[in-house]
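In what follows, a structure is listed as structure tokens, so that the remarks can point back to it.
We just call them A, B, C, D, E and F in the order they show up, numbering each chain from 1.
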Amino acid sequence: MNHLLIAPVVLPAIVAPFIIMVLRHHLSLQRIFSLACTVALLAITLGLAVQAADGTVQVYELGNWPAPFGIVLVLDRLSALMLLLTAGLALAVVLYAIGSGWDARGRHFHALLQFQLMGILGAFLTGDAFNLFVFFEVLLIASYGLMIHGGGAKRLQAGVQYVVYNLLGSSLFLLALGTLYAVTGTLNMADLAVRVAELSPDDTALLRVGAVMLLLVFAIKAAVLPLHFWLPASYAYAPLPVAALFAIMTKVGAYAILRMYTLVFGPDVAATAGLVGDWLLPAAMLTLAIGALGVLGSREIGRLVAFGAITSMGTLLIAVALFTPQATAAALYYTVHSTLAAALLFLIADLIIERRGGAIIAQRPMAQTGLIASLFFVGAIAMAGMPPLSGFVGKLLVMDAARDHELVWYIWAVILAGSLITIIGLARAGSEIFWKSHDDSHIREAEPEIAVDDTQAPTEEPASNAPALPFVACFALVGSLALLTIFAGPMMDYTTATAAQLFDPNIYIDAVLRRAEQ
Amino acid sequence: MSLFLIAALPFLGALFPALLIRAGRNAAAASAGFTTFLAFVGLLLNAPAVLRGEVIQARLDWLPGLGLNTNFFLDGLGLLFAGLILGIGLLIILYARFYLSREDPMGQFYTYLLLFQGAMVGIVLSDNILLLLVFWELTSLSSFLLIGYWKHLPEGRQGARMALAVTGSGGLAMIAGMLILGHIVGSYDLTVILQHKELIQASPLYLPALILILIGAFTKSAQFPFHFWLPHAMAAPTPVSAYLHSATMVKAGLFLMARMWPVLAGTPEWFYIVATTGLITMVLGAVIALFKDDLKALLAFSTVSHLGLITMLLGFGTKIAAVAAVFHIINHATFKAALFMSAGIIDHETHTRDIKRLGGLRFLMPITFTIALIACLSMAGLPPFNGFLSKEMMLEEAFHTSWMGSPYFIPGLAVFAALFSAAYSFRYIVHVFLGPKRHDYPAHPHDPGTGLWLAPAFLVFLVIAIGIGSNHIVGPLVSVAAGAVIGGELPYFSLKLWHGFTPALWMSLAAVTGGLLLLWLHPRLSKMWNAAPRPEAKVIFDSLLGTLTRASRGVTDALHNGSITRYSAIMVAFTIAISLYAYQSGVASEATRAVQQAGALPVIGWICLVSATGFIVLNHRNRLLALVLIGVVGLIVSLSFNYLSAPDLALTQISVEVVTIILMLLALNFLPKETPVESPLAIRARDAVIAIVAGTGVGGLIYALMTRDFSAPSISEFHLANSYKGGGGTNVVNVILVDFRGYDTFGEIIVLGIAALVIYALTEAILGSKVRAYLLNRKPDSPQDGDPHPLMMVVATRVMMPLALMVAAYIFFRGHNLPGGGFIAGLIAAIAMLMQYMASGFSWAAERQKVYYHGIIGSGVLIAAATGMGAWLAGQPFLTSAFGYLHWAPLEEFEWATAALFDLGVFLAVVGAVMLTLESLARLAWQPGMNSEHAMDINPARDDAAKLKEEV
Amino acid sequence: MILYAAIFAFGCFALAILMNLWKVLFADAIADRILALDTMFINAIALMVLYGIALGTGIYFEAAMIVAMLGFVSTVAYARFILRGNIIE
Amino acid sequence: MEQFFELLITAFLIMAGLFGLVGSFGLLKLNDAMSRLHAPTKATTLGVGGVLLASMANAYANGPYLSVHELMITLFLLLTAPITANFIAKVHIHQRESRDTLPAAGEDGAWATKNLPDNDEG
Amino acid sequence: MKLLQRLLPHPILTLLLTLTWLLLVNGFSLNSLVFGFGLGLVIPFFTQPFWPDRPRLVKPLKVIQYILLVLYDIVVANVVVAKIVVFKSNANRQPNWVTIPLDLRTPEAITTLAGTITMTPGTLTADVSAEGHALLVHCLDAPDPEAVRDEIKQRYERRLMEIFE
Amino acid sequence: MEILFASAVGVLTAAGIYLILRKRTFPVILGLSLLSYAVNVFLFATGRLMINAPPVLNKYAEVAYTDPLPQALVLTAIVISFGMTAVVVMIALGAYLSAKDDHIDMIEDADGAGDDA
């Protein structure tokens, strides 16, 4: 068995406690270990991605118990892609957090971050439905800690909301898992797929309830309307480097939807037919629309980016909800893009807020605009799906994939109108922030000043002696987006192959249940 | 030179100024000029072949899966446009070097300009409509930067945003159109698409595709009703206006119409949409231009008008009209760019562009005057300048075109527009340069240095040259370009000044005469114009955008109003609705399991649970009471677990219960003790309905599940069968926890550890904030009794602690075979320690607690992880357990299992997490007075001994 | 005979628990409610042990023991909360 | 012998049931708060004690070996019941009694619960 | 001897804990004894900082006698309480407070007495005096509080005086 | 018995959700506690109800065992929900101490600056 599969979980699970135990009072050592661990994770996940690229599905039987009786980790193209994306994003976030000094504004930033990574990576790797719940909880509880990192009244209030909403979601998760177990008698996802496929057509109602509740759980994570309400405030009030890391969290939801609804409740499964597409697609379209309106309607930069993230989730979920191989391939491409783009914009928003405060229309001038303005411009282009960056390519892919769907006109209209509104909103914000601030603030003296939230204003001097690192992080993300654009062809080859693998669940099932050996 | 290189050079060039920002103005201008020049030369190297009729291609796969490829081709049309873009680009680079002031960041300017230039070249060279879209949107973005270049001008910001909004939205519409087009043809390659006229025009999707693509073209080329952005884009520095708004960007729309002409034109739909739009735009632009006092505004509306003219020609759908369109594109670019530059010179030298403040400049600025004069006359359509030639062709075509059966409509309006066109051209000369010299110019005007007038001078040279020797100078280019547009045989045409007394000539004459008349009438007409009410496009656009923004804000704020209670209600209601839908759309089977008879105990448990729960709801405002009642619920749940064959759960539940209560009480100490009534009755009723439906649903669901069998045997049969054999334990639940699903447990202790870390970190954050002062001076909410550390309690806990630890050890060690295990043991141990804290006080107990809880948590997780990794040494997967039996005489044989080590990790993590959590909360409550040196406040033995000592 | 006695005892403790419940729900003073809850804990211990006797197994015993040990802790916690507000000071 | 154990166990059980009932009944019946405290802390404890004795006897008579772990529960109950009673009494004193309603505290002047630094009634 | 004292610093506690272990595992075996003894050695290490100034039992054997006495009293007196609860009307009952002045001084002894008072019928220790020289006892039905006080002092405190100190 | 059990789950769920919809953090936390009882009990019952069949293997006799798996899952769920409760209690407390307000709803800046057209 290939022990590299468990490394993405075990490594942070060792480093984080080590940081807590030994390095509790040594920030610089914490930084070194955290950074080293993240780099190692990137290397490991890269190795795994290379291994998965040939289309084999690797299985790791924890405790040496065969599936479905023990818990298994499964590495296929999809999980490998998500792992790599997570590790790459994490590296940028760690660099940024160190460089900006955010990690020094509260305790245990690095430990929580590593635990968060462990949770996310574990969720992508697991082949067991209940274990997915456990790792969801790991990543969530770490995210609670990161979200309120540094404290502050508003952030804590938003934190309460974030936690409460997610606790409701976790409850629903358990109800769903309980229902699925009670119907099928198994927890292993591959086994679940086998049993669901064999389910009597006269006994589908309860399974459908379980399946749909599970979908709703993932929809909450993926911020699908009307389950998205947790996102704007949580992301906007979180430390923005953390929000950048959270860009992957919504994707965990999208990943889980893709995984469960291709593997277990796939399009060809009679028992759960018509359960998802009917409402997920319209919901995704509404998500996009609401996100775009939010971008235009935001008064605060963090919130604006948060709504941008919702917009991109809408686009992504439209592709997911189509449930065709082509659309799924597009969705995966868009997943990579939107994660990097949202993270980039969150980091840039943090750069802006540190220098100027969060209000889009503000009195405070922006110091040192040139580089940040360029970065914002690039990030905005990426977020809005404008050329030449990958957002445009992704958008085209999604639209192209929707071509044969009966709602194609609505889908296109929503995507394009959403892009337009996003562009207008971002242009408005960008021109307010970077163009207007020097000498004509007197023009709007009458304007009531927005109460700048204390959690977003720089509370203390960044305790960093590496002021270049944040920019390194941003440029790394820009570079990734550029590479994603330039190598869109090979990337699409990979996601197309991934989608093909997903839509042939027998590959997965055979590997997990060792059917080929029997 | 490869087309790739030509397309890439401007982008490469854009890098240099960005990198050379510190190197100075000349370096930026030189590098920009050099790369543009290189590209231009590269283009010229390809020109002979193109002029011979060849089409040069370059292909590179980018995203073949989608059909988006970096395919370029160069035909006549591409050559014409690329030549304009690069050629005029060179002149602009030169002009801008002298136009921009020292304060303006030159590097930025050239970077933006070359980005834009690259995008334009990309558009005209693309052989793939998706690639074309990429460049198309890039022009919108780069022009946004250029228009807003003077960041301090509010008009610049607004103009830039308006341009972006309009052209960007057009571009988005075009995406849809292009996707449809590609769908119809089955390819996104232009060369392929251009060969499928019949297929496209026969498709039911032709009209939608046409409209969507035209929206893109019209917005870019400022066609009515999208024309309004162009004048506002004049806030850009004049070199930008000269480049974007005369020669290049606005021509992109025309280019696209010309490019798609072979497959889209020739239908009535095309004619009526394109020609009519062009006609209206032409007339409207010309009329408005006459009444603009700002030089650049005048030129902007003139541009709108001329773009309309060309659009109209393309809309006619005839081959000869297409030739005329191509020709006018060239001519307009030359004279309009020159005019913009002249306006820029005037602005630069006089510090104003207001016609009303100008006049008589011919004496002061003779060179500028000459340039402007020639360009203006060309614009007015006077011979022997190039504008005359193409305008003649236009009028000729208009004369032969009927609209909705009316032969007069188009010629009439064409003359009308030409009349105004002549009038505003004359006005530019007469009101700016002629007339008496004034004494109140804002500056002292004089001709600029050579650098500034060289570029426009070259352009007016072209104006004359083309006008006189058109057939030789641009004839081949027009032929080959028009040939590319038409995509077939070229009709006969001749580019010369004299065609005889054609209708067009009479029309021209009428226009020029009428133009002079209009100029004479201008003061009176102007008064009327200013008095007349008319819709101001900017106002409409602003109010539209304002409405949209306000609506967005309204929707966003209304939806995301920060009310988590509403968010939760929506989530619950939505979940109920979707679940009900899922249920009723499936098939429900009959129950397969008999319902079991309930004895008295379950009934009593039910009564307790339900009534306590109900009372919690009714009395939740009394928070302490609610917590007491929660205690009842916890007890009953625990008893139920025991009753229903789950002793492990009972143990866990009751232990967790106690810790939770303590936790809540610690928190409640700081919180208000009562919850006020806030929700109106209607809201409470709504919530009650949601809650009851949800409760009914969940209850019904579990009832249905309990009364049905598994669809296939549960995997837990394996666990029962292998627990002892493979896991070495008889308590199957525990074996599942530490072995079969030890990985879940690993995650679970990490959750607990993280929870404690989060709580600790937050405590630190709170104690590091201004809240600390409040906490230190906080008065208790209610009166306190006089006995903080009661004697009896302290003594009892001292006795209990070793006993409780013994029990914890017992529970721990038996766990593998009997109910118990590391988790419960950890809770018991933690509670045992907690009793010390409660009895003797935080500071006294903490002083005696030598092990840091962080360390306990960390070691717990590490022990669990290390146990799991130990399996690697045996070549087994993570968390593979081993067990065996040891026999040391005289002891009996006893069992060892690595699972116990794993469970030890669980134990430690739980102890550490619970203690760190509660300790953190206790630290929040700590006040300086609480540092008691004794475990109990009353201790007669101690006090009496002290007294005795005193007496002695 | 043991069976009848056990049933009798079951009945007594069950009834006792209901009486405790009544007091928990309807007592005037919070002290009485806490007392009733504590009594309920003790009666629950009796019920668990009885259950073990009736089924002839000792497997439910530990739960009873833990309740005996921990019920006290929560009672003290409630009381300390009323007396001092801060239960760990 | 078997008969004896059966009788013994029966007796224990009946006694336990009665005491348990009386304890909780007293909680309802007695009309002053301090008195109510008596019933459950004693009668109920004895009730549980009876059950535990029955359990031990039962295990001895019917089981494989002598069962003694019931003593642990007894131990805990004997150890904790007085503390519980003490605390609930303190709550009562704190909330409902004043120095005047309590007897004098002998040489110490005040009872611990009422031993407030500023000498005024809570 | 010193070595033994270091190895076995709390012999009585270790003994009691070993016994506890045997009670918990509900049976005697060599394994249990060794294991329980081991725990009995280890656990006091963790708990001893929390129990400073541990009192010394002067006459440990008297403890057993005392326990038996109390157990007997518990049983007998519970019947009395039951009678009062069930048969005596509230009006006829005379609840009363009693102050018990203490001769005991160590907290452990006082606690034991207080516990005894609570567990024995009709009386309940409600509070300790501010410096620990008296107990506040509540009587369920005590027409004669003096008698209650005397009996407690005679029956229990006197014995505890012998056991402790 | 199943009816009693299911209805109890229903009551716990309903009460939990009703309290979660209240406006202050404390009742919401109470509601979450009740809901997590409901969910744990629900999950437990997916193994179906059995009396006197604890999944502790009996070496001496053939006896019935109830499904052990849901019990293990519930144990995990109890622990996790305990951790979650602790965190939400603490964050709620932190929010209250920092803002001196235990409303769970936030007041978003609804009337911000005017629009710049």
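Everything below uses one rule, namely that a residue touches a chain if its C-beta (ideal position, glycine included) is under 8 Å from a C-beta of that chain, and two chains touch if they have at least 3 such contacts.
Quick caveat: nothing in here was measured; it's all calculated off a predicted structure.
Note on connectivity: the fewest steps through touching chains from chain B to chain F is 1. In this assembly, the chain whose C-alpha centre lies farthest from chain C is B. Think of the whole protein's Cα atoms as having one middle point; the chain whose own Cα middle lies nearest to it is A.
When each chain is reduced to the average of its Cα atoms, B sits farthest from chain D. Counted by C-beta pairs in contact, the busier of B-D and C-D is C-D. With each centre defined as the average position of its C-alpha atoms, the distance from chain B to chain C rounds to 59 Å. Annotation: 48 Å between the Cα-based centres of chain A and chain C.
Remark: chain A and chain F have CA centroids separated by 26 Å (rounded to whole angstrom). For chain B, residues touching at least two other chains, in rising order: 545, 549, 553, 557, 560, 562, 564, 568, 572, 627, 643, 647, 668, 698, 701-702, 705-706, 714-716, 719, 740-741, 744, 748, 751, 754-755, 758, 762, 765-766, 769, 784-787, 790-793, 796, 800, 803, 807, 818-819, 921, 938. For chain D, the set of residues that touch two or more other chains comprises 18, 25, 37, 45, 67, 69, 72, 76, 79-80, 82-83, 86-87, 90, 92-94, 110, 112-113, 115. Residue positions 20, 25, 28, 38, 40, 42, 45-47, 52, 54, 56, 69, 73, 76, 80, 83-84, 87, 91-92, 94, 98, 104, 106, 108 of chain F each touch two or more of the other chains. Within the complex formed with chain A, the residues of chain F that make contact are 20, 25, 28, 32, 35-36, 38-40, 42-43, 45-47, 69-70, 73, 76-77, 80-81, 83-84, 87-88, 91-92, 94-95, 98-99, 104, 106, 108-109, 112-114, 116.
Only residues 786-787, 790-792, 794-798, 801-803, 805-807, 809-810, 813-814, 836, 840, 845, 848, 850, 890-892, 894, 935-936, 938-944 of chain B touch chain E when the two sit together in their complex. On the chain B side of its complex with chain A, the touching residues are 61-68, 108, 130, 133-138, 140-141, 144-145, 148, 151-152, 154, 156-157, 160-161, 164-165, 168-169, 172-173, 175-176, 179, 183, 545, 548-549, 551-557, 559-560, 562, 564, 567-568, 570-572, 574-575, 578-579, 581-589, 698, 701-702, 704-706, 708, 710-716, 718-719, 722, 726, 739-744, 746-748, 750-751, 753-755, 757-758, 760-762, 764-766, 768-769, 854-855, 857-859, 861-862, 865, 868-869, 871-872, 876-881. Those residues of chain F that touch chain B in the complex are listed here as 1-30, 33-34, 37-38, 40-42, 44-59, 65-69, 71-76, 78-80, 82-87, 89-94, 96-98, 102, 104-108, 110, 115, 117. Residues of chain E that touch chain D in their complex: 20, 22-27, 74-75, 77-78, 81-82, 85-86, 90, 93, 95, 97-99, 101, 111, 114-115, 117-119, 121-122, 124-134, 136, 138, 140.
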